[in-house]
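Input: structures, listed below.
First chain A sits with chain B, and in the next complex the same chain sits with chain C.
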Partner chain A sequence: MYATRPTLARDLAIAAAALVILLLLPYVWPSRMVNDLVIRVSAFALFATSLNLLVGYTGMVSFGHGMFFGFGAYAFGLSMQKLGTSIPTAFVITIVTSACLGLVVGAISIRLKDIYFSFITLAFQMLLYSLIIAWVPLTGGDQGLMGGIPRPPFWGVDLSQESHRYVCAVTLLVIGLLILRQIVESPFGYTLRMIRDNTERASFLGINVFRAKLTAFVIAGIFGSIGGMVMALFVSGAYPEFVNWTMSGEGIFMIMLGGLSTFIGPAAGALILSLLNDVITRGTEHHGLVLGGVILLFALGLRKGVTDFIADWFRQRREAASRSGS
Partner chain B sequence: MNLAALMDCLTSTSCLVTQTTSALIIGMLLFLVAAGLTLIFGVLKVVNFTHGSFYMMGAYLALTVNNLTDSYFLAVVAAAAGVGLFALVFERFFMSKVYGSNVLMQLLVCYAFILILDDAVKIIWGPEFKSMGMATAFQKPPLFIAGGIVPVFYLFLIVVTLIISVALWLIITRTKFGTIVRAAAVNPSMVSALGINTGLVYSGVFVLGGALAGLAGGLAAPVRSLTAGMGFSILIESFIVTVIGGMGSIAGALIGSVLIGLVRAFGTIGFPLFVEGLMFLLMAVILILKPSGLLGKEG
Partner chain C sequence: MLDIKGLNKSFGGVAAISDVNIAFPTGSLTAIIGPNGAGKSTFFNLISGGLQPDSGAVTFDGASLLGRSRAQIIDAGIGRAFQIARIFPTLTVEESLLGAVTAHRHRAQNVSRRFPLPEMRDRTLEVAEMLGLTEKLGVISANLSHGDQKLLDIALALVLEPRVLLLDEPTAGMGPDERWRMIERVHELWEREKLTLIFIEHDMDIVFKIAPRICVLCYGRLLAEGTPDQIRTNPAVIEAYLGTSHEEAAI
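== the complex of A and B ==
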C-alpha cells in the first residue's frame, strides 16, 4: 500500500510550504472573517488530529478527548490569570499538567476494553466538566473564566494584536502537525498500527501494549490541550462548552468527515465542519436540524471521509497506470 | 459541600423517607430507559445514543395527549406506542444501514438524530421549559409515612415501574420471543440458521426498548420540566447505569439505576453542585474495581 515511505525532508518541505501559504493568506485575502476562521480551524485541527492518533492509528475510540481541549484552555487561562506568568511559561505549565492528566486518566482507562474504554473516557471528561461548573471561585462556573486572559508581550510577540495571534496560531498548527506526522511515521507509529490491527500479535512480538497505548494517550492529550490553548488565546477566555461532550462528538465527526485513513483527513474535517457550522449558523435558525441532516447524508450516503475519496482516486489512477504499463 | 445537612437528613426518619422515595422514582424511571438501552446493546451490540431522545419524545407526546384528552392513562399509552413506532422507523430505515460498519458510523447516525430531534422539539413545542402539571387523577393530598411527605403520584410511579420491570423479566425469561432474543444475543448466525428472521428480532428489540423509553418519558412528564436538552441528561445517566451494571445485563441495570437514584437524591443534599460529578466518580470507581461492570460478563 505504501509505495514509498514519506521522508522527513518531504514533510519539512510540505510544512514549510503550508506555513508560507497560511502566512501570506492575510495579505492576499485581508478579511477579519478569514483570519478568525483560520485561527479556529487551527485549534480544531490540532484537536482532531491528536484524537485520530488514538482512534485512527491505535484503534482506541475515546469519547472523552474534549477533556484535554478544555483542560488546555482552562489550565492556560488560569496560569495566566492567577499565577501571572509569561505566555511561554504558561504554555509549558499547561503541557506538563495535561501530560500528567493524560497519564492518570490513561493509566486507568486503558485497562478497559472497547466500549468500556469509550465510556470511561467520557466519564472522566464529564467529571472535569462538573468540577469546572461546581468550582465557581476558581473557574467562574457556567459563565466561564471571566475577565479575559491577560496577554503580555513576549519575545517581541504581542498576542493582543490580531495579526500576531494569527501568526502564532498557524505556526503552532504547522509545527504541531509536523511533530504528530513524525510520530505516526516513526517505528512507534507503526507499532500503534499493529496494536490496532492485531493486539495479541503485537504482545507476542514483545511489545508492551499497555505502555505503547499509554504513550499514545499522553501524546494525544498534549496536542489536544495545545488546540485548547490556541482556542483560549483566540477567545481570550475558557468556557465550559470546551469540556462538554459535544466537543468530543464534534471531534469524532471531524475525523470521519475528513477521513481517518489519511494523516491530513482530520484537519480537513476540522476545516469542513467549521465552514459548515458558519454557513448553517448564518443561513438558518435551525442549526441542529440542518447539521443533523448533513451528518445523516454523510453517514448513510458518503460513508467515507473526503480525503479517503481523494486517496482512493489517486490509488486507482496509479493502479490503472501500472496495469497499462505492464 | 454541606455534610452537616446530609448528616441531619440521614439521622431523621422523615427526611430519610422523603429522599428514599425520591431516589426510588429517579431510579425506577432511569431503569426503564436503561433497560431498553442495555437490551439493545446486548442483542444488537449497538449503542443507541438516541435513547435519551426517545425518552424526551415520550414526555412531549404525553404532554400533548394529556392536554388534548385530559386522560393521563391515554397520554402514557400514546407515549409508549408513539415512541415504539418511531423506534421501528429509526431502526428499519437508519440504524439497520450501519449495523455492519464501525461504531463511529453508528455514533454519527445517532448524533444526527439527537440534533434533529432536539431542534424538532424546539420547533413544535417551543424552546422554553414546559411543564405538564400533575395529572387530574393524582391531584390528591400527599401521604405521610413516618413523618416523611410522599405524594400519591410517587407511589403510583413506583408500583407501575415495578410491575413493568416484572413484566419485562417475564418476557425475557418466559416467552418464546425472550428466548429468541437471548439466543440472538449469544449467537445471531445460529439463530438465523435455525430459520428465525433476525432482522425482525432486531426490530422487535428496538421497538421494545423505544416503547420503554417513551413510557418512562410519559411517566416522568408530570414531575419533570420538559426541555429540548432533557434527552441528553437522561442518556448520560443511563450510560452510567448500564456501565455500572454491566452492558447487556438487565438485572445490572436495575441495581445501577437504584444506586444512581440514591446518589442523586442524597447527593443533592450533601453536594448540591457536584451531583453529576458524584455519578461519574461512582462509575469510574466501579469500572476501576470491576472493568466489565457489576454483573457484566468478563472479556
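== the complex of A and C ==
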C-alpha cells in the first residue's frame, strides 16, 4: 500500500560507491584536466543542489544564491589570510558566518513572495558584490583576494598538493550531498514540498511556514557557501565574479539543464554546464552564443532537465509494464 | 462549545460580518446558509484564524481563539476544509495525509529521520478508511477526481483530530448523485466521530434533510437560526434567500 522510499542505508551505500569511484578516477584516468573538472564540478554541484532546496523543493526561486557561493569563498579566504587560522577552523567560521548571513537575508526576503522574493535576493547579492568591490583593503576590490590563500597542512592532509585537494573536494561533495539528501527525504523535506504545493493549506495544517522557509534558506546558504569554499581552495583565491549575479544565473542554468524534480539533477546540471563551458570555450570565442543555443534547446526541446527526462522515461516504462502485466 | 459573540469584520468600509452571535454546542451539526456574499466563508476564516475580526469574541470551551496563530487554533481543536479543495497536487494522497499528521504532531521540522515516521501511519490509514480513500493512497493528488479531491481536503482537516470541523461547501462542483454520496459520508463522519460539525451549503434539499439546526447569514448579519421547519417558514429568510417554492412546499 505504501510506496517504497529511499532508505538512509541505501543512500549511504550509493554515497560510498560514488566516493570510491571518484577516488579511483585519477588512477583510472590520470589527467590534470579531469581532476580540475571534478573539483570545479564538486563546488558547483554543492552550490546548485543547495539552490534547488529552495527552487525545486520549496518553490522559492532565489536570484541571489550566488551571494552565498561568493561569501563562502571570501569568508574562507579571509579567515585563512587575515586570521591565520587552520583550515578546519576557517571551515567552521565559513559555515557559521554563512548561517548568520542566511538568517539575516532570509528573515527579510522570505516575507516577500514570488518575483519580489527573487528580486530582493538579487538585491542583497548586488549589495554584497558592491561591498566587496568597494572595500579594497579587506577584499582586494575587483582584483580579488591578493597573494593566494595559505593552505597549511592539517590532520595529515596537505591541500597544497593537488591529489589532496581532489580527495578533499570529492569527500566534501559526497558528504554534502548526503546531508542534503537526508534533509529532503526527512519530514522537513516533505514539509517544504507541502509549502511549495500549497502554502496556505500548509499553514492551515499548523505548519509554521515562515520558520520552515527560513530554515531552508539558511541550510541552502550554508551548502552554497561550502561550494564557494571548495572553489576558493581550488583557485587559491576569491574573486568578485563569485558574488556577481551571473553566478546565480549559472546556478539556475545548472538546475534547468540537470532537472529540478530529481535530487541528483542539479549536480548533473553542474557537470553538463562545466563540460559545455570547457568544450565550447576551447572551440569558439563565441561561447556565450553557443551556450545560449544549447540552453534554448533544453528549454524548448526537452522542456525539462536531463534527469527529469530520464526519470519520466523510466516511470512511463514502469507504468506500461504494470498495465501490460495486469 | 464554540461561542461567537458580537463578531465584526469589515473590508474597506464594507461590513462582511456584522454583530454575529452564534453558539455551537459540542457535538452539534449546523448548516450555514445564505446568498452569495453573505459572509459565510469570511465567518469560517474568522473562526479558523484565516482572518482577525475587527471586534467580537470567538471562544472554544471557554478559551479565546482570537490572536492565536493558526497552529494554536488547530491545536485547540478547530479544523477546516475549503470551498475549492486545497490539496498538495504533486504529493500522493498518502504523502499528503502523512505530512499533515506529522505537522500536527510537531515533527514538521525533523531532519534526523526519514519520511514517513512510522508512528504517523495509524492515523493516516484510519482517516483514509473513514473517507474511502484507502484505494487511492498511492495516487498523485492532482490526478484525483473532483470528488476525491474534496474528500482529501476534508481528510487533511480530519487527520488533525479536530473537535470542531468547518466544511465550506463540501458538495460544491459535484453532480447530484455525487453530492448525496458526499453529504452522507459527512453525516456518517459526524455521527461516528462525535464532532461539532459546521458546514456551508447551497443545496437546500441537502440542508433541510441532514441539518438539525440552520443559521442564515445575509449581508454579514445573522438573519435567522433554528430548525429546518422554522427556517423554511421564516418570512425574512424566504424573502431574502429561499424564495417562494420552499414556502409553498412547507404549506
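Note that in this section the second predicted complex is superposed on the first by the 323 of 326 C-alpha atoms of A that agree within 3 Å, B and C clash if a C-alpha of one lies under 4 Å from a C-alpha of the other, contacts with A are read in each partner's own complex, and residues count from 1 in each chain.
Throughout what follows, a residue touches a chain if its C-beta (ideal position, glycine included) is under 8 Å from a C-beta of that chain, and two chains touch if they have at least 3 such contacts.
Note that the structure is a prediction, hence the values are computed from the model and not measured.
Peer 1: Please tell me, clash or fit, for chain B and chain C sharing chain A in the overlay.
Peer 2: fit
Peer 1: According to the stated criteria, A:Val167 is in contact with first (chain B), second (chain C), both, or neither; which is it?
Peer 2: neither
Peer 1: Taking the superposition on A as described, I'd like to know which of chain B and chain C A:Gln182 touches: first, second, both or neither.
Peer 2: After superposition on chain A, A:Gln182 lies in contact with chain C alone.
Peer 1: Contact-wise, after the overlay, does A:Leu25 reach chain B, chain C, both or neither (first, second, both, neither)?
Peer 2: neither
Peer 1: Would you check which partner chain A:Ile310 touches, where first means chain B only, second means chain C only, and both and neither mean what they say?
Peer 2: In the superposed model, A:Ile310 contacts neither chain B nor chain C.
Peer 1: Touching A:Ile108, do we find chain B (first), chain C (second), both, or neither?
Peer 2: In the superposition, A:Ile108 contacts chain B only.
Peer 1: Residues of chain A touched by chain B versus by chain C: which partner has the larger set?
Peer 2: The partner making contact with more of chain A's residues is B.
Peer 1: With both complexes overlaid on chain A, does A:Ala15 touch chain B (first), chain C (second), both or neither?
Peer 2: In the superposed model, A:Ala15 contacts neither chain B nor chain C.
Peer 1: For the overlay on chain A, what angle lies at chain A between chain B and chain C, C-alpha centres, nearest 10°?
Peer 2: 80
Peer 1: Kindly classify A:Ile207 by the partners it touches after superposition: chain B alone (first), chain C alone (second), both, or neither?
Peer 2: second
Peer 1: Between chain B (first) and chain C (second), which, if any, makes contact with A:Ile295: first, second, both or neither?
Peer 2: After superposing on A, A:Ile295 lies in contact with chain B but is clear of chain C.
Peer 1: Closest pair of CA atoms, one in chain B and one in chain C, after superposing: how far apart in Å?
Peer 2: 14
Peer 1: Of all residues in chain A, which touch chain B in the complex?
Peer 2: For chain A paired with chain B, touching residues are 55, 61, 108, 111-113, 115-116, 118-120, 122-124, 126-127, 129-131, 133-134, 136, 245, 249, 252-253, 255-256, 260, 286-289, 291-293, 295-296, 298-300, 303.
Peer 1: Chain A touches which residues of chain B in the complex?
Peer 2: Its residues touching chain A are 47, 94, 97-98, 101, 103-105, 107-109, 111-116, 118-120, 122-123, 232, 236, 239-240, 243, 247, 273-274, 276-277, 280-281, 283-284, 287-288, 291-293.
Peer 1: Touching chain A in the complex: which residues of chain C?
Peer 2: Interface residues on the chain C side: 48, 50, 69-71, 74-75, 80, 82, 86-92, 94-96, 98-100, 102-104, 107-117, 121, 134, 137-138, 156, 160.
Peer 1: Would you pull the chain A residues touching chain C in the complex into a rising list?
Peer 2: Spelled out, the residues of chain A in touch with chain C are 1-3, 5, 7-8, 182-183, 185-191, 193-194, 196-198, 200-208, 211-212, 215.
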